């Protein structure tokens, strides 16, 4: 059986604050004996639970990397009971390229689990987390946002799971994160997701969508930082008091929550994120890109709900998701 | 002297609504006898002033194309006194590529004026507007937003000019546009701008920055549509009543309004668009992208003002403009 | 076991004419929640056999897409007994790019069978046909031409098979197609071909080579349309009378039918498609591309036969197939 | 004034057969002190007229290079009276890339005249012909075909010129070339063409369109070779007897001869090259590429004539020339 | 089980000198029925051992291809007892591109063993050697150098193996090669290497690193040619006398022999190849590439030794190997 | 007249050590309001001469940037009389890309003088030096090496000039630089060179070729640092004593010093840099890259001399300079 070639340049199990990298040998045309160097901070203080904290699972999502850079810089060992393993740029090559998938192998890390120790660069990263880091963790927080092509209202989320004990822990941690919106997800196709890998090991997972568009704001970053702190206090790793604000709880009961574009063209959103819509309301239009004088295609809500996600760029292709609705619980 | 090879496929001077294209022959590897086809609508009704209306001067800015597509589709001849020449995608190749500059010649149309009839594709477009369409116009509205790499509070703007009569007409039209912010610009480097070409002919110009990020919102599109309608009513081309709301008037007195990044890295905005800042306030931070445990670079306001523009993407390069302040007029 | 993620947007089993798409979710840098949308028409009328009709298995071959677009547009339910499943652009991403293989994964669909439900985009398409559409079919017609780099005399073909009952049905259907040439193929390497997948299920298959060069002609399209109609009448799905013209039946007994270029250079065909040649006749020459005054390499027929295929572009590389001979069946 | 940096590696003015290159220094990333080496043959015998013979002015057109390679290889000095300057690959970088324009600067050589000695690589080639080779010539033959995106019936052509003496010589030489079709051209936009450069010096020019599609056939090459030989005999440079066959003489009176595609899509030719059409006849159709069930766009002849040119590839873009008609000179 | 599609164009088992190719069918966008043609020479004379000689396993390493081209050209059958199978460009597509990995699939051939008969082009090459050529061989010489991104003192090497009999034969052959340096390697990660494939079959292997930088010198080529001749005489395939010069024998006891760059920047070597260094000596520096006035990062030897390898290009990335030390044996 | 848009971020005329950048606004798709930031150090102490010191005029040449980074870091104001203007990466975009020419506009900076203030990025850099920095200088040192495709013996050089006073100063400064070789150059084509711009202003210029191959060595960097120090002492800007070693003085009397490759292939150098050769000696060979068994092309010295330059990569193209000879003076 092949050994995963990744090695950390710092100890994972020594008390104190350690900044370093995960070194992944990567032989290529522009460096025969080169490496992918994934930034890593480990902060440990005695015994206690371990949190594995990841940003930039998709390389064009920024609230996670920013909140985790700040956490890595400012946390003192004495603030911690147990251990923080902080990886602000999970898919580091994608993060440096500012793209969803890795520029090396075009693989979406969040569909690459459990990975392969002798696979492509992204598959090796997945395998290392699957076989080495995840087994060390009690709690995983994996930050997402919409990336370059989607935008979301800020929410934390957990999945409906067969294992109700894990599900319960996940929902409690999501509640502790306390984003403006909290979403209950029933994924239909979760093959290859990091989330599934975490949950299948019975670990507690919090995931998020905090904005999008290949950018972040002072507001969305504040939500990420506060949520991260809250969830680590909830897990008894950080000392402090959870800071709570109102949150809207939503479900996504079925595929009617999603609208897809039936043509390519110029994308005109007709309502903005967070707006309440009724079934039949006009949510978006798509104008032809190559001529004038033709009426745009219309996209209408298939049910009542809140606009929680939308296509971001001004141009859209046939088959792109144009809008996502969430349905308030009770 | 070389003739500009662009020809309209519809008449420019006949009453009624005409939808067509500006056809620019473009011989290339994938089409020896091909063309660039720039969508064009002309709506004319009797005598009266001519407005030349352009979107996507930069190809990744969307409020203009959306507002102009709607205007072209919904305006009836009887709504008009005079003529509307509507070009929703001024730099059409850039618009189709979703990029600031043309994918054909990488030229920024807004620095290509007065153009050349025998130049590159973008230079030919500039020359055609310079020599054929602009001379027909009394009023020009040129829509801009931040595009993929900048984001702005929504504003309309006019320039301080030597020709005070033109300046006066421009400011009055900008006021009529009535965006949430109105900005008085003193451009330092306006060589090659479409704006300069328009103003140098003594035509009335309104320009805008209405958002950014390679996207638009229901709100920013509504501002564009209302402003467009207002300014055409102001010019007595459309019938109707100008719809007025409060606007904040700003100036940009000098280079201190601009902050530039001194390093590449991960961009963290510390205040959001529209916020009031005081000199010395932290406006943004830049984290290293390749390691943890290093304090971020800090960018502080050099004067009191309102944050009216910012770098958009989560990654930033050395020398990128990171923040723009406007200064409220009294 | 992983579920294939492709879903049709129209019913496959309802009477009438239905136009829609096969939707294949495809997450990528320029659309996180995007899709590949493969055009699909289903025309059904009561009980009867099902024909699965595919064009653009290779994306740069056009007679199939044209004949199938016309069939999809013009066929009325009452013309049909049973069902037509029409997919004019089998490898849709390749078809849109005008390339043999998919621009997404560079996979040749016709070597990707049986595919993988969790593989690349092309592998998912193969798996969907293998597991969902082919089992519904009695007859499959898969249109090919030479594409950008080969040109052929127009022929329909069937393979010599171990299963003589299937072979017999295939040859009869090929005969019904009635192209100007009919070819009996003994494939040496058929691993991964769609043809093999069809035949292994005992379905009737007709395949073709109708021209080439990344183009089509009025004549080659007429052959495709007539052959398609003929074979559907033969299968008792369409009503009507088979329209028969003379056809030349050919075999390709061994590797001597193929000539390969031994050098790169400028390709000069010395005989044209359809010409009869004798062993030793000069079939093509290859001139050096970088200098004059050097005699060209000569390629001579290794046996008597008819020139049924040739390298198309003016430049040729070492190892490219330069000419293909067919041998008339006495 | 800058000197053109091109130098021939063989003498231009010595009797005998000389094979070499035009060496154009070209400093670039992959060769600091590299060169573009344009193959050249000079065959001279005593005094007499000079013919300058060029192929691959557009790099994806092959009858010229093939006919000129053969001429360079097989002509003996004693066959010649005067001089042949043979350049089979005029735009050599484009020829090696198999593209219309140069891969170095994307310039169309046939729109680059008179060129610049200190310009891009293509502009330097143009300048060298303008200032050095053309002044040596009495007759120029410049071979063209449709290249990768057009296809033509085989014709030789000359232009209607203000200088009637030159026009007369050109038409006579074109007649001597004796292609299956002979065309009288009134170019509307001839700025930058090699043809114009030749004619403006009062030299005799024959140009051709002999096929297309990025390929050639045994037949089209035979037309090129025979025509070349005929015109050189006509010019009294080669000894021998002009071989004459019937030719159809055509004119192209106005822009109605050209049809352009009004949409992108799948291109279906409805008549083939050489067919006679009447005004109103359907010449081509364009099907949508992304869906079925939509009627294709139709393109009908705007006048009676012969189909002498057509769009070649199976895909077409808005604004591409889809068909060209010639009008028989009674 | 799938058959490997590679076939030699010459016999592998006939006496005499045969020059030809390994033909690997490769269907692709620019040649539907194309091939990769790997140059091959077989020189055989009666019975005796077989040597399989390979260069350009990595496509940017040149001493091997040069020495093997000369051997293939100059060896007469009567010089040989047994057989030479000469493949100067093992990864031929990489060799033609001048890159380490294949431009077709970006695979590193030296990590692709044992390969797959139905895999990518590089995997097919690996499989053919694994299953067809290696079983024929007694001795394998596989030439390496540093390629574009590394530079080495010239050495031949053998591996410490579990199979001591094979190890012993390998070290004796390496000694016979007699490069200026001889290195004893204990590979830590040899999964997928050609070396491992050879050794696992119990064949004798000599491998080398003879220079680097995407170049060669008269000196490094002379070392390759002399070593090749020596080892073939040692194996009793070539007649002659081994030419011996002094060699320095080195080991690489552990990971301390390798230094990696901790930052990207401008690479300044502080000692040159072959220099003796003491632990703590400054071996290299890395300057920031984007600013002046900042002290460079310093890289110091972690043990005493000889500098046998170094990063080659002037720019370096984080994680690149910057220096390699060898330790003289006693 | 257009103003050059480059501004220094530090004063050019204040005493002390100042590290900063030349900021060149560069609007582009990935940064609408971005900049090229060229590192700059100015060290000034009272009155005295000004030296303008540049590296990476070609972006893949490294001795200059390394020597200048060290000079900028280690020089104290009190070491200086007058002023040092240090620009380690003259063509900064090319330097960051590791390429000869700029990745932005593919322009060779050393052929772009005098530049244009409204031209491409490289032309703007040239114009800024031409109009702003050069007028401030008395002495210019411009470091060159062979870059990625050439390699040289280390030499400093000056040009034969019409202005004998400038020539004399240049040769004296070159002598002071005291590289192992000193070369007297009579450039034939110096249009657009920085050298010519410097000399035309009557400034003293020293230029160099110190190695090549896209790399540097401890030795070549030591030559650069010592030469730089020597020439600044010679100019009375730095205090200290010139360190002198033996130098070989060479001329390059005519084009016979250059050999060019007549074919593409595998490049085998037959003598190494610094070797003395006699007319007729074999200097290099070029093997075919696509087959074995063919004798290589041979390149022989056209005169007696010393091999001072050679093609570097293992692959070579037709027309590449393969070898350069220098002729010892008396």
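Each chain gets a letter, A, B, C, D, E and F, in the order it is written, and its residues are counted from 1.
Convention: a residue touches a chain if its C-beta (ideal position, glycine included) is under 8 Å from a C-beta of that chain, and two chains touch if they have at least 3 such contacts.
Quantities reported herein were computed from a predicted structural model and do not represent experimental measurements.
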item: Chain pair repeating A-E, as identified from E-F, C-F or C-E when over half of the contact pairs by residue number coincide; value: C-E
item: Cα superposition angle of subunit C on its copy subunit E, in degrees to the nearest 5; value: 120
item: Farthest chain (mean CA position) relative to subunit E; value: B
item: Chain pair showing more contacts of the two, C-F and B-F; value: B-F
item: Inter-chain centre distance, subunit B versus subunit C - centres from mean C-alpha coordinates, in Å; value: 49
item: Where subunit A and subunit D are represented by their mean Cα positions, the distance between them in whole Å; value: 58
item: Euclidean distance of C-alpha centroids - subunit B vs subunit D, Å; value: 43
item: Shared-contact residues (touching 2 or more other chains) in subunit C; value: 21, 37, 60, 290, 318
item: In the complex with subunit C, residue positions of subunit E that touch it; value: 2-3, 5, 21, 23, 25-37, 118
item: Subunit D-facing residues of subunit F, complex; value: 58, 60, 99-101, 106, 108, 111, 146-150, 189, 191-192, 260, 317-321
item: Residues of subunit C touching subunit D in the complex; value: 17, 19, 21, 37, 39-41, 60-62, 65-66, 68-69, 72-73, 86, 88-89, 95-96, 98, 151, 213-219, 221, 266-272, 275, 287, 289-296, 312-315
item: Residues of subunit C touching subunit F in the complex; value: 263-264, 290, 318
